[in-house]
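Reviewing the structure listed below.
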Amino acid sequence: MLKLKPARRERLADVLYGQILEQITSGELVEGAKLPSEARICRDFQVSRPVVREALMRLQADGLVVSRQGVGTFVKSRPSTRLTDFAVSAEIASYLRAFEPRLALETESAGLAAMRRTRAQLNQIGHALSALESAFSRGETGWEEDFAFHLAVAEAAGNELFPRLLEELQDILAGSMRMALSLTQQGSDERRRRVLEEHRKIFAAISSQNADLARLYMRHHLTESRARITGTHGDL
Amino acid sequence: MLKLKPARRERLADVLYGQILEQITSGELVEGAKLPSEARICRDFQVSRPVVREALMRLQADGLVVSRQGVGTFVKSRPSTRLTDFAVSAEIASYLRAFEPRLALETESAGLAAMRRTRAQLNQIGHALSALESAFSRGETGWEEDFAFHLAVAEAAGNELFPRLLEELQDILAGSMRMALSLTQQGSDERRRRVLEEHRKIFAAISSQNADLARLYMRHHLTESRARITGTHGDL
Amino acid sequence: MLKLKPARRERLADVLYGQILEQITSGELVEGAKLPSEARICRDFQVSRPVVREALMRLQADGLVVSRQGVGTFVKSRPSTRLTDFAVSAEIASYLRAFEPRLALETESAGLAAMRRTRAQLNQIGHALSALESAFSRGETGWEEDFAFHLAVAEAAGNELFPRLLEELQDILAGSMRMALSLTQQGSDERRRRVLEEHRKIFAAISSQNADLARLYMRHHLTESRARITGTHGDL
Amino acid sequence: MLKLKPARRERLADVLYGQILEQITSGELVEGAKLPSEARICRDFQVSRPVVREALMRLQADGLVVSRQGVGTFVKSRPSTRLTDFAVSAEIASYLRAFEPRLALETESAGLAAMRRTRAQLNQIGHALSALESAFSRGETGWEEDFAFHLAVAEAAGNELFPRLLEELQDILAGSMRMALSLTQQGSDERRRRVLEEHRKIFAAISSQNADLARLYMRHHLTESRARITGTHGDL
């Protein structure tokens, strides 16, 4: 059974998302379990229909639940229980949400970086990539090196507003990267190889000044990072 | 002849951009005039080659100069002399640069708004649109109404980071909109009709929940707004 | 009342789309009229639910009907009655459908053309543009000149598969352009100005080798062309 | 030294591309070797400058050569010598070129398939995916199953023009897939796992009706397929 505490705070959809996520992660709601109807969640959680829809839509987008038209909504997969070792569920919702503006901003700045990067800016990105590899080989999470990599790409876009906006998101990004890379740290070797490979491809595309490729590989990397948090692809 | 004061500040490419823009706007550099070679500008302006390239590339992207391979760079068009009634050239460079992260962020938030907007959020966008129409009919620039429209779209994206990032850019956006709409205020009736029509199409696409259309019309509106500032399409 | 003949042919959704479009265009179904329920249309038209949904979704995407959740589907706007002077409704459905692969192919070829066009290919596009202007000033529909313009852009992409695929669609495109431009021919001066301006902007973007701009203006032009056929923006 | 036979056929840039590719693949031009100047290639190959530029630009886009401004063009990497076991170099150039319209068409049809696929169409895609897995486990190239998968996605887009255009490209696609999968057949287990995983992600995105994700994974799959042919990522 889904247990819900009536909501008080402003981003009600986030709180609801977090409560359901927590029960899926903890195993209270098992795979295949049916969620109550929208009407029932509205009543139990004491919010309006759009709030419930938004929370369910995000859970579905994250691959955690699946809706079958006219039948109901079911738990689809269970993210790593380790997820809650690294963050509380309210934070997790906020970390996942940060991927939306990141996808917009960083895809664009990767494309611009491919067109405009100076030799010095390219080296900066290369240094951050090497530092990330070293951190992984030392068994560290490497989240500071990861942030440095993304910031170096934003700086290479040749428009100071891109790094400025990324820094505005720094707190939320730092938490998000720390959580994602803590999972990776405890995951398989193959998982770490993939994370490095995704960064390497972004670097190579910017290096060879191919803007479309840089956009694609940045968008792919962010999408896979998000899927690694929600456990969509299993351990990879 | 192009006159250049050696640069001191940090964003050297901006300062150089601004100096050349000013001389084009003021008519010191007339249409068809040939700019000095990159090497010459490097020497006169006392900066490295990549700085000169970045400034020239932006002037070209703005449709102000044109490069002919192996021949040189020429003044292509002259933006409205009225431009400098509303802002100094250093500001103009910064306003134009703000369109790059806006294109990324606002295109994405328009698409998300089409998918997620509640009835109340749609009304908010509609109110801002009506207010912009009223401001125009009263002969005002309407820049506050314009900002309210774009903020309402960002809020309808259902992710509070989109309005937060737009507000982070508020100062620069306010200046940019004030300048753009001051030009429109003094421009033709047709120009004002176009500005309103572009906003109406964004609203209609979000209203009919068509995400691809909302993205297209937002991208188109921002691109045309930028072209109106640089005078690329003449008075329209 | 909506009258439906049971369907026999393969693309049932098209036939259903066509029958409803015809009744809206002819005025049998007036603005504001409520369509029967999905279940009722299934029964009357003797098809499954997905077929009905596809037809309704397209009518909605074309701005002809609007669905209100839990209430029903209503006729929203009536395309020009003149539409049926130029084509039967089954053809109209097929013309509208051609915009989907065109959006994909021509947006991409416009971007590649901006990067790769030779001087001779640019001239070819310019000649087609001038020919279209002349045809309009002689009061002709100019559909052959329009097709020549789009083919010249595809050829400038530097990959012979783009013009080959466009020629594979030639029959359907010829019909589509003839119908669209026949409406424009009988429309306002402003409408003709817009059509020319959209082509001019594509040419200018390819000329100045700005791939992102070329993609945007091609996408915008095709979207507006489609909206002119369905009457979404009124006479413009 | 680069040896060139003067060209006769129509797509001169392709022939030139093929001749250089062949010499890189065969090892006559080793990694790090400097190509002759553009002017020299023009003279030896008896073509105009734009033809040479197009061929070099494509070799660069394929990661086979790299240009250093003011220095020259150098051989960067050598694709698998096995490549020429499966196709002659003129065909290889044509196979690589087919990825451009495929990227446009198939990215769009994957997105539409996510929005419109019926249950039966989804099953069709799933069957093709299983058949591809079986073919791989039997040690076959699986190119017919691969083509069936891509065709099933195009059919699920709900617009018969998408499969029709893919079939128009059938000859060239069949050759391209046969060559690519022959390389994969002889490659590492990891390489086969990747190929299957890319197809699975496209299927999952269409299954969960996430259009943006379906577009991204299709674009990523085609980009990686192309890179596997040119050997850009080594054996993966």
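For clarity, chains are labelled A, B, C and D in written order, and residue numbers in each chain start from 1.
Criterion: contacts are C-beta pairs under 8 Å (C-beta built on N, C-alpha and C of every residue); 3 or more make two chains touch, one makes a residue touch a chain.
Since the structure is predicted, the reported quantities are computational estimates derived from the model, not experimental observations.
S.K.: For chain A versus chain C, what separation do you get between their C-alpha means, in angstrom?
M.R.: Spacing between the chain centres: roughly 38 Å.
S.K.: Take the average of all CA coordinates in chain A, do the same for chain D, and state the distance between these two points in whole angstrom.
M.R.: Here chain A and chain D have centroids separated by 30 Å.
S.K.: Two or more other chains in contact with one residue: find those residues in chain C.
M.R.: none
S.K.: Counting only chain pairs that touch, give me the topology of the graph as line, ring, star, complete or other.
M.R.: Contact pattern: a closed ring, each chain touching exactly two others.
S.K.: If I apply the definition of touch given earlier, which pairs of chains qualify?
M.R.: A-B, A-D, B-C, C-D
S.K.: Which residues of chain C touch chain B in the complex?
M.R.: Per the stated touch rule, the residues are 60-61, 63, 66, 201, 208, 210, 213, 216, 219-220, 223, 233.
S.K.: Would you mind writing out the residues of chain A in touch with chain B in their complex?
M.R.: Residues 11, 13, 50, 54, 57, 97-98, 100-101, 103-105, 107-109, 112, 116, 118-119, 157-162, 164-165, 168-169, 172.
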